[in-house]
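Following: one structure in structure tokens, then a few remarks.
The first chain written gets the first letter, and so on, giving A, B, C, D, E and F; residue counts start at 1 in each chain.
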Amino acid sequence: MVRLSPPGHGRLEFARTLEVDVGGGEFNVAYGVARLGLRTGFVSRLPDNAVAAIILNHARAAGMDVSAVKLTPPDGVGRRDRVGLNFTEVGMGLRPSVTLYDRGHTAMSLAQPEDFDFEQIFSAGCRWLHTGGVMAAISAQAPAIVERAIDAAKAVGARVSFDLNYRASLWTPAQARAVVTRLMPKIDVLFGNEDAFDKMLGIAVPGARPTAKDFNWEENRNLALAVVERFPHLRAIASSLRAVPNGSVNHLSGLLWYKGEFSTAREYRDLQILDRVGGGDAFGAGIVYGLLNDLSGPDTVELAAAYGALVHTARGDTSQATLREVMHIVEGGSAVIQR
Amino acid sequence: MVRLSPPGHGRLEFARTLEVDVGGGEFNVAYGVARLGLRTGFVSRLPDNAVAAIILNHARAAGMDVSAVKLTPPDGVGRRDRVGLNFTEVGMGLRPSVTLYDRGHTAMSLAQPEDFDFEQIFSAGCRWLHTGGVMAAISAQAPAIVERAIDAAKAVGARVSFDLNYRASLWTPAQARAVVTRLMPKIDVLFGNEDAFDKMLGIAVPGARPTAKDFNWEENRNLALAVVERFPHLRAIASSLRAVPNGSVNHLSGLLWYKGEFSTAREYRDLQILDRVGGGDAFGAGIVYGLLNDLSGPDTVELAAAYGALVHTARGDTSQATLREVMHIVEGGSAVIQR
Amino acid sequence: MVRLSPPGHGRLEFARTLEVDVGGGEFNVAYGVARLGLRTGFVSRLPDNAVAAIILNHARAAGMDVSAVKLTPPDGVGRRDRVGLNFTEVGMGLRPSVTLYDRGHTAMSLAQPEDFDFEQIFSAGCRWLHTGGVMAAISAQAPAIVERAIDAAKAVGARVSFDLNYRASLWTPAQARAVVTRLMPKIDVLFGNEDAFDKMLGIAVPGARPTAKDFNWEENRNLALAVVERFPHLRAIASSLRAVPNGSVNHLSGLLWYKGEFSTAREYRDLQILDRVGGGDAFGAGIVYGLLNDLSGPDTVELAAAYGALVHTARGDTSQATLREVMHIVEGGSAVIQR
Amino acid sequence: MVRLSPPGHGRLEFARTLEVDVGGGEFNVAYGVARLGLRTGFVSRLPDNAVAAIILNHARAAGMDVSAVKLTPPDGVGRRDRVGLNFTEVGMGLRPSVTLYDRGHTAMSLAQPEDFDFEQIFSAGCRWLHTGGVMAAISAQAPAIVERAIDAAKAVGARVSFDLNYRASLWTPAQARAVVTRLMPKIDVLFGNEDAFDKMLGIAVPGARPTAKDFNWEENRNLALAVVERFPHLRAIASSLRAVPNGSVNHLSGLLWYKGEFSTAREYRDLQILDRVGGGDAFGAGIVYGLLNDLSGPDTVELAAAYGALVHTARGDTSQATLREVMHIVEGGSAVIQR
Amino acid sequence: MVRLSPPGHGRLEFARTLEVDVGGGEFNVAYGVARLGLRTGFVSRLPDNAVAAIILNHARAAGMDVSAVKLTPPDGVGRRDRVGLNFTEVGMGLRPSVTLYDRGHTAMSLAQPEDFDFEQIFSAGCRWLHTGGVMAAISAQAPAIVERAIDAAKAVGARVSFDLNYRASLWTPAQARAVVTRLMPKIDVLFGNEDAFDKMLGIAVPGARPTAKDFNWEENRNLALAVVERFPHLRAIASSLRAVPNGSVNHLSGLLWYKGEFSTAREYRDLQILDRVGGGDAFGAGIVYGLLNDLSGPDTVELAAAYGALVHTARGDTSQATLREVMHIVEGGSAVIQR
Amino acid sequence: MVRLSPPGHGRLEFARTLEVDVGGGEFNVAYGVARLGLRTGFVSRLPDNAVAAIILNHARAAGMDVSAVKLTPPDGVGRRDRVGLNFTEVGMGLRPSVTLYDRGHTAMSLAQPEDFDFEQIFSAGCRWLHTGGVMAAISAQAPAIVERAIDAAKAVGARVSFDLNYRASLWTPAQARAVVTRLMPKIDVLFGNEDAFDKMLGIAVPGARPTAKDFNWEENRNLALAVVERFPHLRAIASSLRAVPNGSVNHLSGLLWYKGEFSTAREYRDLQILDRVGGGDAFGAGIVYGLLNDLSGPDTVELAAAYGALVHTARGDTSQATLREVMHIVEGGSAVIQR
């Protein structure tokens, strides 16, 4: 998606200029992994116009491979094969950030399973596929596309991660559960939070939802445990945790169940926020990076939480951090000026 | 529509910020009339969100009445009742301006005739209704909405103007002709150019199209005459004329058939352009203003052409000129600095 | 007034661009009420030039009626009938916000009582008049204009609110008291704080002034009580309360005496501030809105305090919030991102 | 004066930001001379606030001496001792540039002759005083201040130049003539154009005014000759010439009568304009520079015309050119990129 | 190089912000070819810091392969292995564009021939190497690096183009001739203009230099012929031609000697310029593209001239045009707005 | 140095515009003193180009005398006599500010002692010379230049302050100690912190380094005492103290040993930061100002700490505060809006 945001903390209604960013749940994870230095690509369907070119250029600039993106002839009216948009206000203090989605009728939502030759796409030594609940919800045929992609990835031995990412505007819990139930056996690594576990898996633990004041570690552990019990084939479950005292300052942390053990990241308390969008995706990218590099559970979740926290200090959905900077945070590096 | 444009002559593909403007053919005419000092309003259907509020605020700031705009609950995904958008590059020199429309599935395109109580809308002493070919083409039911509006307007004695404004991306000539043929008997004042007369009325005169180099006055007169002959009930026919040596410098003029006589505006040769979009609509607004104020044909077309020319000197689709400034141009006022 | 501010927290002395906003005590209250959905208008006197048009457009965009604004011919030198200006720096942390007023010789300060036909202005079903101490102080004849407006408003049954808003640069306490004493019997709802009660009414309670650290609830209640005792005809007294630990973080609350009872709003502690100007006016707008809609005292003051707090999260003097957003805060809604 | 301008060719009414520049007729000449490398200073009266600091910093940055500027305590309301402002739109094509002055009640307009110790000011080896008709017109006592300055300058042997610069908004021809008649015997070098010679000296030559199309060399020469005949004590008379085909393209040249001979600069035809304000003042600065450096008449007027032309290629009232760049134009240097 | 430019036509001395672009002669050609759709890469040496990342991201966004760029550890002082910079003012009208180079001590200028494994770099099916006189001049060892690259390219059958691009600030004609004489036998396609042929090859034809007024076709043909006669092994010689009436309007064309015949592009007269830098490089990219795609001489030079002309309508050194847009110009497409 | 910074908290790698500021340790101190109202100048060596003019204009605008700056002919390549640059990111929250220096090969680093006529420079009644460790480290001959300047300053009775300012990128501790040991006997007032005392003087006290959490007052006092014991000729030792909980909020204070007594400034806890660069230099400027005005130790260190703290609330390296504003903070003035 192309994201359009008023500069600073401006209000959309009164904006005279909008900043252009690029983002989207699954996209952000791939981008975040690319920033850490691994080769990544993304698969989508976009019209062949200048708005879509913004997305392609953004991905390529980070080194992502976009050769599997299927370009469609532009529709001069925007009735079909649109580029997905969102209008995002970056809130502050008392005022929350707001995202208005305008992603109906996109080229990707009109894609058919046969639009992509996943066997060919995954044939070049791919080690990981990341997808999730937003992708699976964007159209009636989206679950089939996701499933085909997963099958092709697994056929070449890649691991599959899936971010539940429940969006009430896209589907009902019942619809979501039907799709996720079918896909779950093929998923290796699951990302989700209390809301998604509840709505999409029907698994809830009282008190697991973080309040504005604090995290509920015990309940979150129990929740992840309940998920593992239901889906014992999962290699890992990861949750980013966030408490929201206000729009400018959040507490962040993360939790990873991996190889039979829980690891929890340090708490980033009173984290000052420039733009909170994309923080969860960067956490996810950190998990993927850690597991792909055979880091331990504790090292992986610390790296992921540091990455997620760091992404809150820059505008836009996608990571502007480097691996060196992430490790500086992981290692407890201070905010003293670097010269 | 909300228009999103790279600053200056920037390219959309490389834009990091977009300027926010508001425009749309019929909207621009009403706005242009309001800027000249008459009371105007507009009728549309918009979702109740911050993007639509940009349009409402913009209209209200010029003094337009927006109370007849029907607000619909926002759709959190943008699958229906979207706000129409366009992405517009302001070209220069060799490079043309470009508009990418993203106006499918808008709230207005999903409107039904019964959404509007036109009898009530036009009951407050309305003297003029302006509509046109873009509105009539945006949906299958749009012609019926237009016709209802026209009928209600005529019932209170208002005059009706219609800008043919042919857009190949919206309908075929055959579709357009079917609609226009049905509406034509109810239209009092027709706006159009060679292309629209040809495609939508099937009336063509060889050589009427202005070249990059110059106008073809004789042929344009003959073309308007042919339209009058076919539709003798018309009170007036108006055409803005444009020749395009390059994207930064155009020649402009206009032609009006009114009360049985042709009037032609002076030629604005080598007119330097900041943003050409909305020039034709300002011309139309000038015609409406002149006829509503019972100006003569020559005075009306000069005012309209001056208005159209002046709108080329400011960014955005809608007029930023005042009546005083238009009259300065009409009276041959110079570009010497005013202190 | 047109407000000119360096972007962000920039210093005026070093500014290369200035942001243009519109504001002014009484104007902001009317604007704030309009944003909540009520019909409002404002009465003023402005020159007929492009700078004044900024103000008119801004008011109209929010739906305000500006037909009672009297336009005067522009003075090419700016010796009389100027547009009032202010230069406002938005401070941060240790550094306070600063406003340099440049509002001498404005068209409104040169207005005479006979410039306005208040009987006609208030004849259209007006239910409320808001005015205050800044308006009353801008010229020798201003008190007479205010009194005429109040008389005309009361003649049609409208309620009258008055914001004391003491400005030492405009008049002395003695001058202010003379005017306020005369107007007070006609006022229904009084807005003020400790400083204004002291300087303009001569009523003080030790310790009522909030320190940087905290509010003094008891003393503020006693202060309002003292005002009520002196002016028992008042229907309501409202005070917004502010403590200023630093320029970026304030504590806010509010107090309302209404129908014989005190109501106090919750405390917004450590409220992060983007721009503090206009917060008190939004509080006032909330009071007017509450009383016009027959809300209870507690509901009114909570709405007013929430409105005032929310206005601190956006740039400019005038509200960019909606009623829905205010109610989200009133209802304790969190700052979690809204999608 | 502080000048506030919408960016680019934006309209003031619709501006959301204004660019801050500094200018003013006499100031610009002094600044222009400083840019060419001579020591200059300026004398004025300004309030001690941040807006005035913009002016002082701007002058100092170019190396001007501001120690003779008298600072007054700031007036918190702006009723007196204001900083002069103007709102300037930079026109284009058909649309003229517009300047709205807001310079009433400035600190300088309220100055009294005794505010300045001109004997001390001019005691440090001053070789030239430049002043003019705008300064002389800003208040009733301004002519006396100007005369005192002239007397003090002449007492130390400095030459005196005076730019007639007629402004109809500041005084009537009759008022202007009374003042100029009194000052003229003390003036050494006179700057003016047809309009000023006519209104302020009562000397006119039919056809001397340049049309949009072209200059009238013969008539301009005759006009200058008529001035010389009337005021034979003048050492030099200089006129910058401008024809205005449109707001983006002007023709420029200049004329100098010096040591009994006429010199004319080359014609800069179809000069493309970024911002025309300050061009005449840079021409004046070039004349002052040439005469102070004992250049010949032809060399002086070529340098002055080149300087004036070059200043049209940058924003703002004051010169951004260097002597090297002026000489590049004087010597016929091309616009080929310089690396 | 990273290019830093004041926005619009601003002056460097007075800039408060600088726009960031990326460019450099040889880089721009490769980038321009990538924009037309071919796979390209570039070879360089850069420090591993955020400024160099700007260049890498810019290249990758256009699809260029940067894997052969050698990264060096950043030097915290900037004494060695700097990133090359230039400060570029975009002139207008009378005022030329200016580039101040700050490219001493760059990582690339400190590179040694053994830093690059050209055999490996060119082993992947490379069909073309483009290099030139700027690269060859940046250090004492640069000619050896260029020669190694050429040898490796020719070893895999790639063609070699060389843009003479004489820069007096980098070397003397004698130094340049020594290097070029040695390289010339290995060059297939030569780019150059009158100045470069004269200084670097010692071949001159009187009158070949275009004046501000016009091209000298005959002399340019003779000049190219003289070069061919001296170096008969050349497959092609291409010259972009430019005449500079002023900084905002140039005339452009181009000339190609190929397969024994001269082809000349149409003349783009009075081409309006947003930013002239990079135009010659886009012309070169068009030549490379045409020859790689086996276009005829006339088709190649028309495509190249159109590409070069189009690049003048956007900011920055590198192409923002697409092949479709170039072909629109080649085919004589107009500047009428495209919707 | 010219500092180039992404707007707001933007990342350098992704910046499309850079803000232009001017700064440098010793320069900032002189600038800071000039802002407080004293006459200052600076001595340097710069190329005669537009980038250096940015520095000169910036200094002059604050009233600094730049006549002792030696201008060298610009080098068209940037191999020598460059202008020093730095690229500075303003961090926030978790993310530190970052400065990439690009100051090799500057005109000043290539200066020779004989380039400056220090006797003449200091002959005009100079009362103070400030220099420091950055200047002394920029080249092999820099210490000799510094020593010559100190000798000339002392010859006219000026006091000499020296800011140790250790930069590991410029020299080793051993190199630094050799230079400082030689200069120390001539230094009157020493600025430094724990790191500099350790690396450059070899004096360390365990625990003197402030942690992110808090200051270590006792240890800092002991450290200064140890310095005094070693160098008993020093008139004063001053240290600004900083603890860095995160990049947006620091604690600040300062310590002064003067006339045999320690004075400590109040603690500015949880100071909100817009841009932390230049805070230490403003502290130094405050010390110089206090000592030159014969303030007491406690008054001097409070003024210095307030100045340093205030500079954190504005962008850029150099002070934008006034003496009046500093005294407002010293006197405990609040952050309530000032009108």
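Brief remarks on what is shown
Note that a contact is a pair of C-beta atoms (placed from the backbone, for glycine too) under 8 Å apart; a residue touches a chain by one contact, two chains touch by 3 or more.
In this text, all values refer to a predicted model and were calculated from it rather than measured experimentally.
Counting hops only between chains that touch, chain C reaches chain E in a minimum of 2.
More than half of the contact pairs at A-C come back, by residue number, in C-F, the repeat among C-F, E-F or B-C. Distance from the centre of chain B peaks at F, each centre being the average of the chain's Cα atoms.
Taking each chain's centre as the mean of its CA atoms, C is the chain most distant from chain E. In this assembly, the C-alpha centroid of chain A lies 41 Å from the C-alpha centroid of chain E.
Note on chain placement: the centre of chain B and the centre of chain E lie 45 Å apart, centres being C-alpha means. Multi-chain contact residues of chain D (touching two or more other chains) are listed as 8, 11, 13-14, 16, 57, 76, 98, 101, 169, 339. In terms of inter-chain touching, the protein chains here follow a pattern that is not a line, ring, star or complete graph. Under the contact rule stated at the top, the pairs of chains that touch are A-B, A-C, A-E, A-F, B-C, B-D, B-E, C-D, C-F, D-E, D-F, E-F.
On chain B, the positions that touch chain E within their shared complex are 8-11, 13-14, 91-99, 101, 167, 169, 212, 244-249, 276-277. Across the interface of their complex, chain E is touched by residues 57-58, 60-63, 76, 339 of chain A.
For chain A in complex with chain F, the residues that touch the partner chain are 8, 268, 271-274, 309-310, 312-315, 320, 325, 329, 333-339.
Listed in rising order, the residues of chain D touching chain C in the complex are 4, 7, 11-20, 49-51, 53-54, 57, 74-80, 82-83, 85, 87, 89, 98, 100-105, 168-170.
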